[in-house]
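What follows is a set of notes on a single structure, which appears directly below.
Note that the chains take the letters A, B, C and D in the order they are written out, and that residue 1 is the start of every chain.
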Amino acid sequence: MQLKIQYYALMREQAGRSEESLETSAATPADLYDELIRRYGFTLTREQLKVAVNSEFSDWSRRLTAGDAVVFIPPVAGG
Amino acid sequence: MQLKIQYYALMREQAGRSEESLETSAATPADLYDELIRRYGFTLTREQLKVAVNSEFSDWSRRLTAGDAVVFIPPVAGG
Amino acid sequence: MRFRFTQTAIDTTQARRELLDLGAGGYVSFEGWVRDHNEGQEVTRLEYEAFQELAVKEGERIVAEALRRFPVKHALCIHRVGALGLSDMAVWVGVSSAHRGEAFDACRFIIDEVKHRVPIWKKEHYRSGDSGWVNCERCAATPHHTHAHA
Amino acid sequence: MRFRFTQTAIDTTQARRELLDLGAGGYVSFEGWVRDHNEGQEVTRLEYEAFQELAVKEGERIVAEALRRFPVKHALCIHRVGALGLSDMAVWVGVSSAHRGEAFDACRFIIDEVKHRVPIWKKEHYRSGDSGWVNCERCAATPHHTHAHA
C-alpha cells in the first residue's frame, strides 16, 4: 500500500527530504520505522520518538491503511 | 515640640487634611496617635496601623524628637 | 530605579526594554487591571494614592530581595497613582531570567510583596454611589462606605 | 484559535487585546527569548520548525486544559517559526483572570506543557560553527553536532 510520510527536524535532515509517498508492506508504524531506519540510517531509536497518523498521536501498533499520513516525532523543544 | 504629620487615604478623609504641623507633648508615635484619635475620631485602631517616622517604618515606642515627620499607615491595598 | 510611580498610563513597551538581556531566555510580566467588581460590589472607577517617599524605598527593597532570592537577570515594578477607570492598568511587574521558572517565581514574589508591604491605597467607587477604601472594611468600627447620597 | 503560529514577529499588543475582560483583575504573560548561550555553547541564531497541523491541535488542547483546571478568563499562546536571531521572541503566552494567582498558574502550565508536548523543534547555530537540534543530543547514538566545516 501507499503511505505518505513527512519528516521534521533531525529526521528531515537525515532522510534528505521533508516528505515522500512510499509503497510499503509495513503493517504498523513500528514496522514502518524499522524499514525507514534501514533506508536512512536514522540515529533516533523508536523509544525516543512519538508517532502521528493522520495528524493525531498514535500507537506504534496501530494498523496502517492505504493513504495514511505518518509522521515520526523527535523529542520536542518548543519555546 | 513641633512635629509634621501626613495623612493618607481613609485617615486623610477623616482628618480633613493631608498634612499639618502640630505642637505636641507626645513622646512616642503611640502617644501621638492617642492624641490624634481624640481630635479626629479616627476609626482605625492602632493595631491596624503601621507608623513611619522620617519616611522609614518605625516602632510605636520610638522616642520622637522635634521636627520628626510622622505618617500613620492604614492597611495597604496596592495593585 | 527598579520601583517607581507614574501619574499616567504605564508604558510597558519602554519598561520591558529595560529588562532585555542577551542571556535571558524567559520574561514574565504581570499587569494588575481595574476590575468591574470587588467583593460583590460593582466598581465604576478607582483612585490610588501612595506615600511615595516610603513606597519607593519599600518597593526598591522588594525588587532587591527578589533579585537576591531568585537567579534572575532584571526586575522592575511600576505603579500608577491617581484616578483610574475600568480596565486601566494599575501596576506592572516584569522579570527577565535565563530560565523561566525563576522569572515566574520572582514576578509573583514581587507583586505579592508589593500588595502587602508598599504604602499604596485604593478607593473604590461603586455603581450604588458608595465608595470605600479597600482593606479598611474590616478595620473600621463603623461601616466603611461613605454614602455619597447620605 | 487559542494557539497559533506566526512566521513573523509576534504582535503582543494585539494578542494582549484578545485577553481584555472587564472582570479580569490580573494578567500574566510569558515570553521566550532567544538566549546567547545554551548548555555551554554560544548561540548565534536559531531555526524553529513545527508539525503545524498536529501542533495547533495539541496547543489548543493545552490551552483548553488550562481553562478547565484554573478559573481564568482567557488564555492564548502564539509560537513563532522560521529563522530567529538573538533576543527575538520565540513564544508568547498570555492569561487574564479575576485573581492573579490563577493567571500565574495557568500561564506557567501552558508554557510547560507546550515545551513538552507540542511538536516544535529548534536547531541552534553556535559561534563554533556547529549546530544541533535541541533535546536530540541525548537521543543520538552518534554525536549530534553537524560539523559545518567537516
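As a working rule, contacts are C-beta pairs under 8 Å (C-beta built on N, C-alpha and C of every residue); 3 or more make two chains touch, one makes a residue touch a chain.
Remember, it's a predicted structure, so these values are computed and weren't measured experimentally.
Considered apart from subunit D, the assembly falls into separate touching groups, namely A | B, C. Spacing of subunit A relative to subunit B, judged by their CA centroids, is 74 angstrom.
Averaging C-alpha coordinates per chain places the centre of subunit B 24 Å away from that of subunit C. Between subunit A and subunit C the centroid-to-centroid distance comes to 50 Å (mean Cα coordinates, whole Å).
Distance between subunit C and subunit D, defined via averaged C-alpha coordinates, is recorded as 27 Å.
Among the residues of subunit A, those in touch with two or more other chains are 79. Residue positions of subunit D touching 2 or more other chains: 32, 100, 111. In summary, the structure contains touching chain pairs A-D, B-C, C-D.
Within the complex formed with subunit A, the residues of subunit D that make contact are 32, 48-51, 53-54, 57-58, 79, 90-91, 111, 114-123, 133-136, 139-142, 144, 146.
Listed in rising order, the residues of subunit A touching subunit D in the complex are 6, 8-10, 12-13, 43-45, 48, 52, 55-57, 71, 73-79. Here subunit C touches subunit D in the complex through residues 20, 22-37, 86-87, 96, 98, 100, 103-104, 107-108, 111, going by the rule given at the top.
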